[in-house]
Every structure is written in structure tokens, then in C-alpha cells.
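Chain lettering (A, B, C and D) follows the sequence in which the chains are written, and residue indices restart at 1 in each chain.
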């Protein structure tokens, strides 16, 4: 596999390899890794391979329109940027790079609660559509404050991440000495030579401050903060309370079961992200692309369903749409780009994905996403 | 795997390796590669492995006849040569070598619109049956002119390639600097030492002139020409117009869906090539051997169905016939031969395939292709 | 994979690698190996991968309780220690280490008939729940004597191992010269340098005395004793007799068939361990996780069903519970720990498993094991 | 894998590796290889892996009897030696070694028409049960003469091989220069150093005389003879004639289809060997273990069905019996033994197989082969 400068990166895997070369091993592994044996991490992508495409011909595809409408918002492409914590860990430009690239591409940027740039700063940076992501914190005052800030700053929708009651078991991190602050031993020192500027920035700069929580985390480490604040007891009742505090559209992120989808619909969520947190939480979870169809069938009339996880190619996007997703989202593709080259890298990642979707739509024989249906997939059970 | 001189090449894979050794990497990869992750490229061949053979015994196979009749034309073997562009890229003899070898073998040669030898020159070269292949060009005058020339030159049937609305994403080519004209850097220079005569011929000779389009492409590169002329908007209506311009038999090439087969039949096509362009267009497309049976069942009474893609062994041919194909076609096997040794290499490729088909028919217990039916296949779902 | 000191071992595989580095090859292979081609050995673990998890969200998992009740005995964790012979082979501390670690963890320790520490010594060591395991010996007087000793020493239940009518074909052992007493040649001498203390202990100490059988095996080797005493003719009638000699709860260990489970229930067993002896007896046996569900469906109302075999991760435990097991058991995980570091190693193994089960229950969205049901599994046939 | 002296060979794979080390590459490959891509060669063995065993317990297996009755003949073991041509190619002792070892083991030896020891010499060598194998020759006088000699010499049954209308495409042989007589170039000379005595014997001795055909092949090479005499036109009518010339029991060898089995029964055959010639004829043929059950179900009441192909372990034998075979047969296991060490090697091969069958019967919980039924197999479709 080839992985040269950004303009020579032809696909997301190229960006991944470029990130691997540029970033500290601990940072790369933090992006790249998953829980336990990484069965779900790999499965999220490989499960797409079970579906084969039955493309149409002679449709007339001189004018392909990949736009979708999600919760009333028009997106120029059928994908958007999933939330991801602490992006300054990966590149000095951090969330700024991603927010700007997403806006340029005409799609949604979702800001993590644990962003390293503040809600307000991101909001001022672009006019693009923005969503705000929440974890299930214990401190209701803190949560309300966050929601108020997000509303005020113009974030259109709220994402509640529900597959993070506790932190998953990602073994690459302790093996790399990756903690916040990081441990520096001989192994880390060698890695530091690979990316000296990043290391300086990371160790002495503001890279790891969690901008939205700065006061709260002044005295304690983030790990401590997360451990203390993550509310494992958070339940559907709490979610109901939360929805009461937010007037805009709301998305539940991290479900793989039909009954949870139905529950989310009755509780008042407007959309659901079928996701297993990128294989970073419970290993052996079903892949989103496997879990998608039953959820669409059970609750697709009450929820807009988004596939999140494992997307690397344009055909992955089209398969998800064929199984009933309204759009897909991803984080690793743009994080690889970010780690490989800041905003330019994120831009390249989104460009690669858009080019691929447009090209694959033409090759599939569809002029717009509404034309994509189940008939384009060969049933995996005949495989 | 062994890959010595042509007479020591025992199978198509041997020819492939011989081509790999003899040809520039960029040329070999152009033949050998596919779109995106090459999942479909590999799948086209590996999908044959899902079918196992239940051969017959004590049939009496002293007189095996592998001939078939395709669109009224008797072929001595149940396979023919698929169209492929610019064969002089692969060997100085180019399309001449293939046309002559096909005629000698008593089977059809299909000439690509983008051939590097002209329609007329090929026609004068042999008395063998010839078909002419068309892409979906924008310029109707150009198309009519081509059809007139092909008709006049005695081409019996027209193939319309419909899985090429735009060009697929073949990543080996840009990585190799393969463009027309090619880029020459240090890497290419090293490769050039491997095949100095080809390099001279290719750079300074006429190798890359596209003979049927010489006037049109005088000033522009082929890539530019194709980009400008490929008519992504071409649709069933246009196909109808095209059929009106051609009185002989017509074949649609590149379908994998039942509804497209039915559409082709109603539009007036006489045959269909189940094909995904050798995995060079939409990656993750269903393999032809998977798509074949439903198409035969849906439209086999109205169209003669041809399998194109992945064929490397005699058993591949027999499996396709068992699933209802009237014949199979292929390009890579003879292109490997061409790149490995010109006309002698093409001859060897076709000889290997004919020997294999004859031998495998005897071992299958069938005396002619009409005796091959579904009962010879163990259902893959029991696998 | 990483395998440093015990506290750096993050999972059972790390402990396995630590054991591999510390122990003699012959000892490691004795723990690690299986019968014939080790198809079942590998399959016992890999069969878990066929089941994917459909976790629940927003359940409120601040208070996860992994305890189970097995044959009326409350266990703090849903797993316990399977019996394993001659633990002093693996570490000087032998069965003592395991019994103490199990008691500390609040779970059952099962002592093998072929333990290298006596029934009585183990009993005095801890107050934890203890079961006693029997092979099918010929000598009924010996068997009764054993049962009396076990009863007197406070062992709560009897396990009868029924998949050991004769010894399986484990080819690593003869290749390593592993016999009792061991053969020492140059290869063994080199290995001895790796673990000199163990070698001394093993060769000159009491390591290989089989404590419960010391008188009987004084003059003969253990292999001889086992060969002479293993009662291949032992049958359901004999089992009935045996149950008559034991008043407490009884477990049959080593069944994979529904009819055997039903037979066990009618004979009077209270529980069944679905097990194939860790892939050490009949190669190509069904994996316990595959055999489990039919047995639960057939006999789950009459027997408490335990899964034994292949468990390495918390998700393995949860999958077994989802398919109807009351608990799981394992030997290799703690034996790797024992060989890697004695009691501390066993402790680490059990700690890894408990942490994993607790974490995975939280991530699965279950507060106690009764909440785990079949709905958490994606049917493998849709895979 | 280990492969030392014969007594250190623990399984058939060890014998295979011992043969590989001792024999010329061309000879080893001749035994070891198959047709085309060797998909069927590998599949014959790997298809067994799809079946998992559900063993029984507490049956009482102190007295295991592996004998079977085949065509009225009692065999001490449920397997026998398939015919194989020209065994002196593999070892100076040739067919003598195999016939003696089979007799010692109380099972059938099948002599090939193309044996390198004569019908009569083998007959005088042992009192064991012997069958005689025929190819479909053109020369009926030759055939009748052979049958008369076999009858007179006391061969009990005739095997007609029907999957050899022509020779399969085994590519290892031409690559190795393996022809009769062999070609000797530098590569062969190097190999010759590995086994100088064999080379002398093979080149100057009588090793490659085909004893039953000595007059006929005096002047021509075997290849020529086989090419001239193999009767590709041989059909069911000819088979009927043949059966009329033979009064004893008759076996058809090489079928994989139900209709051929039924045809064989009506034609008067008494038994059928489900076989694809060890993957040496038509590549992609169904594996015998896959083809077995439908044939047993269709014709098991009219034919005794034997599985031939892929057997390497005791569990393979038991799986075939569970699917309805009366016995299994094999050639490669004893040919590896022969090439590795003459009669001692064949003895070792048969001993390994008998030990394995006896051990695996005990572990399966069956006392005799009649107790083995379909209930011992987990359905592969649930895999």
C-alpha cells in the first residue's frame, strides 16, 4: 500500500498509513485501535463485504446528486463527521480543522463534549451545520450548562451517546503507556523523535485541555474526570429528562437493537445512529451494517436511521443507504486525515469520500440517493 | 508457480507470470488490476470455487465436441475473445495477434472501439467471425460512422458496453504513473530496462495511437478524448436509437441484474454478456457466475446469455454452461498471453483453454455442450 | 502480543505467553496442547466468534452483580475453576495456589483426583466452596475411599468426568519427550536452563507425586497407574452405583449430546458440564458453545448446565450465559497464570476474568446474570 | 511438524513428510499432487472438517471391535488399501510391501492393473483378501485375459475404475520432468543425490516394468500404452459386458452422483467406491465425503457404499461410517509409508490408522461400527 504526501493518498487506507508514519505510535493506536481482540473493530468494516452490488445500467447518470436531507437539514453528501474527543491530541489544529472541512463540504460537523476546542470557538469558525454530542454525565447542572451553551452557539441538534456507560477495554493504550498525561519512558522518547513538534505541543502546550470543561478539569486529569462523571446509572428516564432540556432535534448514538430503537422513538428521539462506538467499547458487538436493516424495519418510520462505523469506501456508503440508512457518519477516516496533515488531511479524507460516492453512484446507475433500494444488494445469505 | 517460455506455460496463471516478467509493471498492472480494493476482481474468479462438480461416468467420451452456436454463428469452442482497448500497449503486434489467433481457433474476435489497429485492417487480416464493440459515446455522428465502417468491414454483431458510464477507480495506474502518454520518472526508467524494445516502441512508435479514432485524437490525449466522449447520460432510449442504426445482431455487455436483462430483451438486444468489466469498474459488484443463473431464468428464453469474467480454467467454462450460459468470453487470459509473447502467446492462451475444455468435458462425462446441465453442480448453499 | 510481568498481563493470552516464556516447553505444551490436529482445541475458542452481541443501552448499570447460584451455592462470579491434574508440574505451589485464589474470588475450586496436593491439605487451606472430581476408576474400593475422604474434608459436590474412557492422542507430549517421569535428553537439558528451579523441584522434589494416590503409585508410574485404573468399561450402571455412594450434589463432566444430558438427569445427576475436555480427547468434537443450546433446551429444566471450554474473554462468559448456561468453568486460563507466576498468576487470571465480566455486563446493559437472554445474540446463521 | 524415523511418525502427515525427505521430488509429487489447482485434492480432506462429532459417554468401551463385513468378507478394520499404479516407482519393494502389510492387518489389498508386481506373485505372497482393479481398456481380449488370471490367482472381487476415461491434468509432473522413462537434467541430478539407490534401481532395474502387461509394453512406453489402451468410449453397455465376464463380486470406483450409483446397481455392480481419484482427475469435483450421503440414501439398499479419498485420521473414518459408508479406502497414506520406508512404512501407516480408529471409537462411545449413526454428527449447515 502506498502512503505518500496527501495528494498522493488515493483512499482512506493511504491516509491511515500516512497518519501511522507521521503520528506517535500512542496517538495512532488511540485512533486506530479497538476493544479486547478488536474483533468488532475489524468486523465493522469486513461485514460490508458480505453484501455484493447489483448495479443498474443505461440509467443516464450525467447528473448525479449525492445530497440527502437529515432531520430537515440538507447535506451535500450522504455522510457527516461523527463526534470524536480531544482532536488536538492528533494535530495542533484539532477540531478546528474538522469543522472547517465539514462546512466546506456542505455537511454536518458533530462536536464532542470532550473537544479540545470550545463549543463557542467552533461555532464562530463556520456557518456549516453543527450538532453537539453529550455523554451521560452525572452532574445535571453541568449537562444543562452545556446544552445552553450549544443552543446559544447555534448547534442544531443534540447527540446522546449511549454506548459509553463505562470505558471499553482498549489494550493498545496501556501497552503504549498512553494515559493523560502520557507516560514518557525510553519507548516514548524514541517515538517523540518522529514527531518532535507534536510532542512539544502535546507536553507543554494546551493540546490536551478539554476546552468545554476547562474549569472542571483544571485540577484533575481527564481520566479522573471521566471516571467520576460518567454516569453508568444513566437510563431511559434520565434520557427523557435530557430531552426535556433540549428543544431541537435529538439523536441517540450507539444502538444495535430493535427494541432500543423503538424505545428511543417512544422516548422522543428523532434519529438513531446505529453504532458500536467504532469497536472501542464491547468487543464482539454486531457490526452496524448487520444491525441496520432490522432497526430500519422496526423503527424506520419513527426514526431517521444513520449508520456509523466501518465506512471506508463509497460502496460502503451506498450499501448502508440500500439497507435503509438516511446517511452514514464516520470518525476514523477524517481522524487519519487530521493526524496525517491537519485541515488539508481532513479535506482530503472528505474529498476522497465524496469523489467515491459520486463515482460509485454513477457506476451503480443511480442519479440520487432516493433511487437506491434493497434491489441493489445480493442477499448475503446466498453467498 | 512456474513461468518459463511459452511452451512451458501449462495454464493461464503461468502466462500471467510470464507477462509479469516480460512487461513493464505499469502495463502488467493495467491488465492485471481492478477497481478500489479489487474485491470484485478477485471475487470474479473465486466465486467459481463455490460450485463443485458432480461428474458423470461411463458415458463414452471418445468423441467430445466443444462447439457452440452463438447468435447463429458456429464456434469451435464455447468461448471467445472479449473486447479490450489499445492492445499495442501490451505488445507491438497488438490486436492483430488476437484476431488471428481467434480465427485460427474458430471463434469470435471482438474488436474494441479503442483498438490500436483499425477496424478495416483487422477485417482484412482473417476470415474468422468478428464482432465490433462500442462504448456509449456522446457524438452520434462518430457512432454512426463507426457502425458503418464495422458493417462494411464485415463485423457480424455489435456489442454495446453499458458498465462504463464513467471510468472506474483503478488505483494501480496512478501509483505506477500510468497515464497516456506515460510519465517517466526513475521508477519507470528502471522498469524500462526490463523491456527496452517495448519502451522505445511505446514512446516513439505508433503503439498508443487509437486507430479508429486517429483524426479525433490527433490533438488530444486518449484520456481527454474518453473523458469528453463517454456519455454518462446514455440511456435505454439512446440504446434504442443505436439498435436502429445497426441491422445485425446486437449484444449488451456489462449487466448483472435480471431487470436489466429483461429491459435489454424488450429494447431489442439479442444477447447479453453478464459482466462487471473484469472488476475494473464498480468494486463489490456481484461476480458474473453469481449473477448468471437468475438472469438466465428471467430472460434466457429471450436473450442468449454469455458469461464474461473470471474464467481461467476449463472447469470455469463448464460451470458457466451448467448454469445456463451459451458461451463464455474473457480478455485477461489472452492479454497475459499477448504481453508474454505476442501472437504465439495468444495462441498458447487459447490452446490452453481449448485443451482444458475438451479434457474437462471428457472427465465430466459430456460429449457436447448440450449435455451440460444444472445436475452437474453441487449446490453452493450446501457447502 | 505483549507478555511482561504479571501486572502487565492485560488478558489471558498475555498470561499464556508469560507461561510460555517461563515454563519448560514440555510443561507449556502439556497445558496448551490438544488431541490430533487440535481442530477442537482451536474450535472451542473460535466457535464463540460466531455469535455477535446485541447489547442494550440506557439500562442503568451503576451496580452490576455478576454472582450466580450453582447447585444452591452462591458464587461471586459466573465462573469457577475446572479440575486439572498434577498442578505441581506447572508450579511448585500447585493446587494450593489455585484453591486459595478461587476462595479469595468467592468461587468454586474443583480438585482433581490426580491432584499433586492431597484432598485434606486443600480442604484445610481455605473456606471457599470446593468440589471433588473423579475419573472412572476400576477399583471401587479406591473410589469409595476417595469419596469418603472428600465428604469428610467438606467437598460439597462430586464431578464425574465421563469423556476420559481412555487417554486422547496428544502429539505434542511424545514429541517433547514428556512422560512421567520425564525423559531428559539434550533438548530437555536446554529447556531446563530456562527454569532451573522448577527442573530441580520436578526431578528431585515431590512435584509429581499424586497426593491422593501416593500409596498406590509408590511403585508404579502415574502413566501405568492411569492405564491400569482407567475403567473404559464404566457405564451408566456404574454411574448409578457411584451416585449411590455420594449423598451430595453431583455433576457429570464432558457431555456434548442431548441424549446424554437426558440420561444424566434420569440417572440422578444434578448438573452437567458441557465439555470436550478442552480438546484433549476426541479431536473434531463439537465445541461446547455449539453443543450448549440444544442441551439446555432438552434438559435445562432437569439439570443445571455449565459450559466448560474455550473461555478466554468476558464476552465468552456472557455468550454462554445467553445460551442458557448457569455458569462457565475453565482450566487453561488459571493454569497459564499458575505456570507464569504461581498464586499471583492464578490471582491475576481470575482478576482478569472478573474485571472483564463486570465490564462486559455493564457494556451489554445487564445488571445481573438473570437479565441475560438469547436476545443479546445475533443468530450465527445470519452471519 | 515432526518427521523422523518411522517409529517417531505419529500420524499420516509425519509419514508424508518422511516420504518427502526420502523420495525424489518427482516421485513424491507424483504421489502427493492432484489435477489443475488441486482444489479437489485439498477439498477431499478439508471437507471432513465441516462435520463435528457429538460423542457418547458412559457406554462402556472396554471392548472395541472395529471390524466390518464388506461384500461378505470380514475385515478386521473398517478400511482397506485402494489400488495404486506402479508402486516400485516409490520403493523397491513395491506392491509386495503393501499386500503383505494389508494381509497382516486383516484387510483387503486391491491390486492395480498397472502394478509393478504381477497378479500371480502378489497372490502367492499372502493369504489376505485381495481385489483386482481394472481400467477401461480398449482391448477386450486383454481384459478377459486379466480377469482370468485374477480369478485363477484367487482375487475375490473386481474393481472397475470409471473416473479415468482420460488422464487428468497434473501439472506437478511435467514441471518435474516426470515422464516414463524420466527425463534427467540438472534438477533431476540434484534430486538423485538424495536417493541414489532408488535412482539406480529406478533407472537400471526393473522398477518401472508393468508386470501384468510386460509383453504388451516391451516395446512401447507405459504412457504410450495407456494412451492407446484407455478406452474413453467405454460406457455402461461395456460395463455390462465386463460384468458378464466376471462371476464374483464387482465394485464400481469413482462415482460422485446418485444417478450413477443407481445405474451401477441396475447394471449389476455390488458395491460403489465414492471417489474422485484422489483429486487427480477432474479438479473441482465434489469431495467424496460430500457426495457420500446422497448416494447412500439413493442406492444404499442396493449397493455397499465405500468412501475413498481424503482420509488421514481416525475421525475421518468414523465420519464416513456415520454418513452411511460400509468402509473407507485410501492410497496416499500407505504410499507415503511405502516411499518413507518400504514395508515397515506401510505397516506404520496401517498401524497408525488402526490405532486411531480404535481410540476414536472408544472416545466416540461406540463398541462396534454398527453403533455409529448420523446422530454422531453435528449438521454442517449449522456451522
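Just so it is clear, a residue touches a chain if its C-beta (ideal position, glycine included) is under 8 Å from a C-beta of that chain, and two chains touch if they have at least 3 such contacts.
In this text, all values refer to a predicted model and were calculated from it rather than measured experimentally.
The chains in contact with chain A as well as with chain C do not exist; no chain meets both. Least-squares overlay of CA atoms from chain C onto chain D yields a rotation of 90° to the nearest 5.
With centres taken as mean Cα positions, chain D sits 42 Å from chain B.
With centres set at the average Cα position, the gap from chain A to chain D is 59 Å. Multi-chain contact residues of chain C (touching two or more other chains) are absent.
Under the stated contact rule, the graph of chain-to-chain touches is a ring, a single cycle where every chain has exactly two partners.
Contacts from chain C toward chain A in the complex involve residues 2, 10-11, 48-49, 51-63, 313, 315, 319, 356, 359-360, 362-365, 375, 378, 382.
On the side of chain A, the complex with chain C involves touching residues 36-37, 39, 43, 162-163, 165-166, 168-169, 171, 174-175, 231-236, 238-239, 252, 254-257, 259-260, 263, 276, 281-287, 290-291, 381.
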